[in-house]
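Right, I'll just put the structure down here and ask away after.
For clarity, chains are labelled A, B, C and D in written order, and residue numbers in each chain start from 1.
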Amino acid sequence: MMDTLKLDLVVASRTLADHGVIDAYGHASARSTANPQRYFMACNLAPELVTEGDILEYDLDSNALDANGRALYQERFIHGEIYKARPDVMAIVHNHSHAVVPFSCTNVALLPIFHMAAFIGLGLPLWDIREAQKGSDMLVKSPELGSHLAAALGAHPGVLMRGHGSTVVAENIPRAVGRSIYLDINARMQYQAIVLAGDGGSVSYMDEAEVAANVSWQNYERSWRLWKEKALGRLIEEKAAAARGSSR
Amino acid sequence: MMDTLKLDLVVASRTLADHGVIDAYGHASARSTANPQRYFMACNLAPELVTEGDILEYDLDSNALDANGRALYQERFIHGEIYKARPDVMAIVHNHSHAVVPFSCTNVALLPIFHMAAFIGLGLPLWDIREAQKGSDMLVKSPELGSHLAAALGAHPGVLMRGHGSTVVAENIPRAVGRSIYLDINARMQYQAIVLAGDGGSVSYMDEAEVAANVSWQNYERSWRLWKEKALGRLIEEKAAAARGSSR
Amino acid sequence: MMDTLKLDLVVASRTLADHGVIDAYGHASARSTANPQRYFMACNLAPELVTEGDILEYDLDSNALDANGRALYQERFIHGEIYKARPDVMAIVHNHSHAVVPFSCTNVALLPIFHMAAFIGLGLPLWDIREAQKGSDMLVKSPELGSHLAAALGAHPGVLMRGHGSTVVAENIPRAVGRSIYLDINARMQYQAIVLAGDGGSVSYMDEAEVAANVSWQNYERSWRLWKEKALGRLIEEKAAAARGSSR
Amino acid sequence: MMDTLKLDLVVASRTLADHGVIDAYGHASARSTANPQRYFMACNLAPELVTEGDILEYDLDSNALDANGRALYQERFIHGEIYKARPDVMAIVHNHSHAVVPFSCTNVALLPIFHMAAFIGLGLPLWDIREAQKGSDMLVKSPELGSHLAAALGAHPGVLMRGHGSTVVAENIPRAVGRSIYLDINARMQYQAIVLAGDGGSVSYMDEAEVAANVSWQNYERSWRLWKEKALGRLIEEKAAAARGSSR
């Protein structure tokens, strides 16, 4: 079971990188299904390099239990503090997707314009790190900052982080990954719709009932199967290339 | 003949995915040339994974005749109901192409700005699922919704779907695929032209006579040859990789 | 010598496709260095599939001398008529690059904002096919239309074609390819600069003296070496793959 | 030590090309750690073709000491003159990244909107070559122009060049590369934020204290490890392909 979770985190990391939602930064985690006081996440490594052996187990204070000297993500407290505050959350993606940042720096709210991103209709609060700490380096690198972010998240499916990106949560890994990818796409569509409508124009968003009807089941299952097949195919290629290299 | 059609649907699916017109969602279908009461479309699978063995035969009520337990696209009724209503239609693409959605959510009409997308000049009605059902999850997952969409389509070559994407129809598969790809490109060009022209500026579109002269022959034949060659090349590679994998 | 020219046209075709300046449509040609009354261009084929064996010789009336039944580009008259009208022109690229079309449909003139596209400062007239023929299908598929376009081009390095794209000319193939690629990039940069400057803002373009100093030598030589190395590398791979296929 | 530096310049060149920050033009250099009066940079070659054997040693007047007849970048004086004026600078990237040029041609200042590009908050002066030379071809191809640019740079981490691009400096290669990549990303985000905020809207940027806290440590280390692994992997593939080719 833990092995499935670790492999799913590898798939998640590489899929998010493939879609440009994360680059060398950003990370995906999952709460342990065996022990809700534990979560899994990679050591300090660019997501598209992550393999199963890089996935560590953390307690909710974000101490790694099996690091063996490997460096950790400075922002791991985002994950630990949200898992503390939100028992329903089983997976978290922290990302820097490009189209979302402009919304985090203006007063324009992200709204659900595209049905694949209906979850936005559940509300995405905006968190400004300045409210927790003046003159920070913008990173959520202490339990206090993680806890402050978790409070801003509240019961929502995600939180925008000013000048930084967002953190998206869900009941399972595919949903957290799918939400992160479609959040970025929705942001681009909404940007274009606002520009297209022009001053005084109006944009039509999903209404509350539509949001509720969609989020109740949307787990991006068909996408997940595609993403998994592609990521596993690449993993096999990488291992074959490494084997060729070491046999020379 | 059916084999050609199935292979063409594989080419269509992979080509649309290559161009970002569909991702894991969206689907292409073709009416049977042997029996106009039947159509072909993949089972529930991301289009870029589709091979000939995944293409099923459906009746016009969108029952699959040879599913053998495989799951079906929830939105297959888009296809069946349009084939019922439009005897001239031989191929359909339902897609989520990104540049089109903003037009579906504003009052700005898509118009033919680029000669490769002249068919837009035949008119693309806008369908809002709310007119058929309040509080839906946005999916066309019943015969009633499919039939309502088909009525909105009328005699046009496509229909925009608010907050969702579009459905494009044609007399053959290459034309349905080409129209879907150039619809997205036209949307991006038109968006930029509107922004560039600015308030009070004007944009020059194709006129009715130009549209009529172009759509009479435009089947994207040179593109189709390119797309087919690329898709078949990849299929061969995939089979070779699979063979290497199974012989290990 | 002709062999070099044919290979350079293969490199040109594939490079333009790589940069998204052409897709299945658009074409590159070169005047024969042996006989100025002849030019070379591919038969009717998507540019990224073109190999040396697909390059035909045409007279200036755009009759192919060695087609052997192969179909020809409908718009070959663009090339023949410009070679007639402009003895200085040795290479021509006709393309549909996406960022240029919006400029062809508005009253906003393309201007040289980026030093790599200084040639724009020599002037790019806008040609509307309607001035030559009402209700056309937008294609330059007769000697008369080609000649009308050539007249609009005049002594300039290129001409925009309303709702269609552009045709770029030069004294050699690398320059025609480089100009086509940077025309598209300049168009995107200029679009963004205009939007960024906003109403009442001003954008700084290259002045006449800067344009003159730059165009006198700009042949995109370092780019051409890169493009050639990449295109030839791919040609070798394709031949190897074809050889593997035929030996099975 | 010098070998490490040369390999790092190969990684830098290919990484910048991968990210679209440079194409065939643009270049990365590093000051010699053995002799501060020397720097290393490739001969005249597109960055994505550069291998260790192409890296030459230059004195600060930008004379190559080991060119052996190989052509040099015309704009090498950008590097030599900045190394003269700025003893703290150990690495320089000159680039044409697309999103930055519009800012260089308008009165809109680039500001740090994204925490990965905090260094922008240290100020990026705008240099217009016209202030040094009227009617230039836009290239910094003399010691005088290089020195004029270096004066405009002053003590800042980079300088915008009107209609051309930018030059970014740093205390080490990873920082110069990372800053160049995130400068382009920040420019795109800022552009979108300004458009999104609209007339009279406001955009929230990093403040001085946040900039100071971030730039003190930001070396893009996790990115550098990723970029290096990918670039070295490709180098190995290229050598293997070349070996196969020469053994035929």
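Assume a residue touches a chain if its C-beta (ideal position, glycine included) is under 8 Å from a C-beta of that chain, and two chains touch if they have at least 3 such contacts.
No experiment lies behind these values; they were computed from the predicted model shown.
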{"item": "Contact-graph distance - origin chain B, target chain C", "value": "1"}
{"item": "Type of chain A:chain D copy interface by residue overlap (half), same or different", "value": "different"}
{"item": "Whole-Å gap separating chain B and chain D, where each centre is the average of the chain's CA atoms", "value": "43"}
{"item": "Whole-Å gap separating chain C and chain D, where each centre is the average of the chain's CA atoms", "value": "31"}
{"item": "Residues of chain C whose C-beta touches two or more other chains", "value": "195, 199"}
{"item": "Pairs of chains satisfying the touch condition", "value": "A-B, A-D, B-C, C-D"}
{"item": "Residue ranges of chain A in contact with chain B within the complex", "value": "112-116, 118, 185, 188-190, 192-193, 195-199, 201-207, 209-210, 212-214, 216-217, 220, 222-223, 225-227, 229, 233, 236"}
{"item": "Touching residues (chain side chain B, partner chain A) in the complex", "value": "23-25, 44-46, 48-49, 96, 98-99, 101-103, 105-108, 128, 130, 134-139, 162-164, 191, 194-195, 199, 241, 245"}
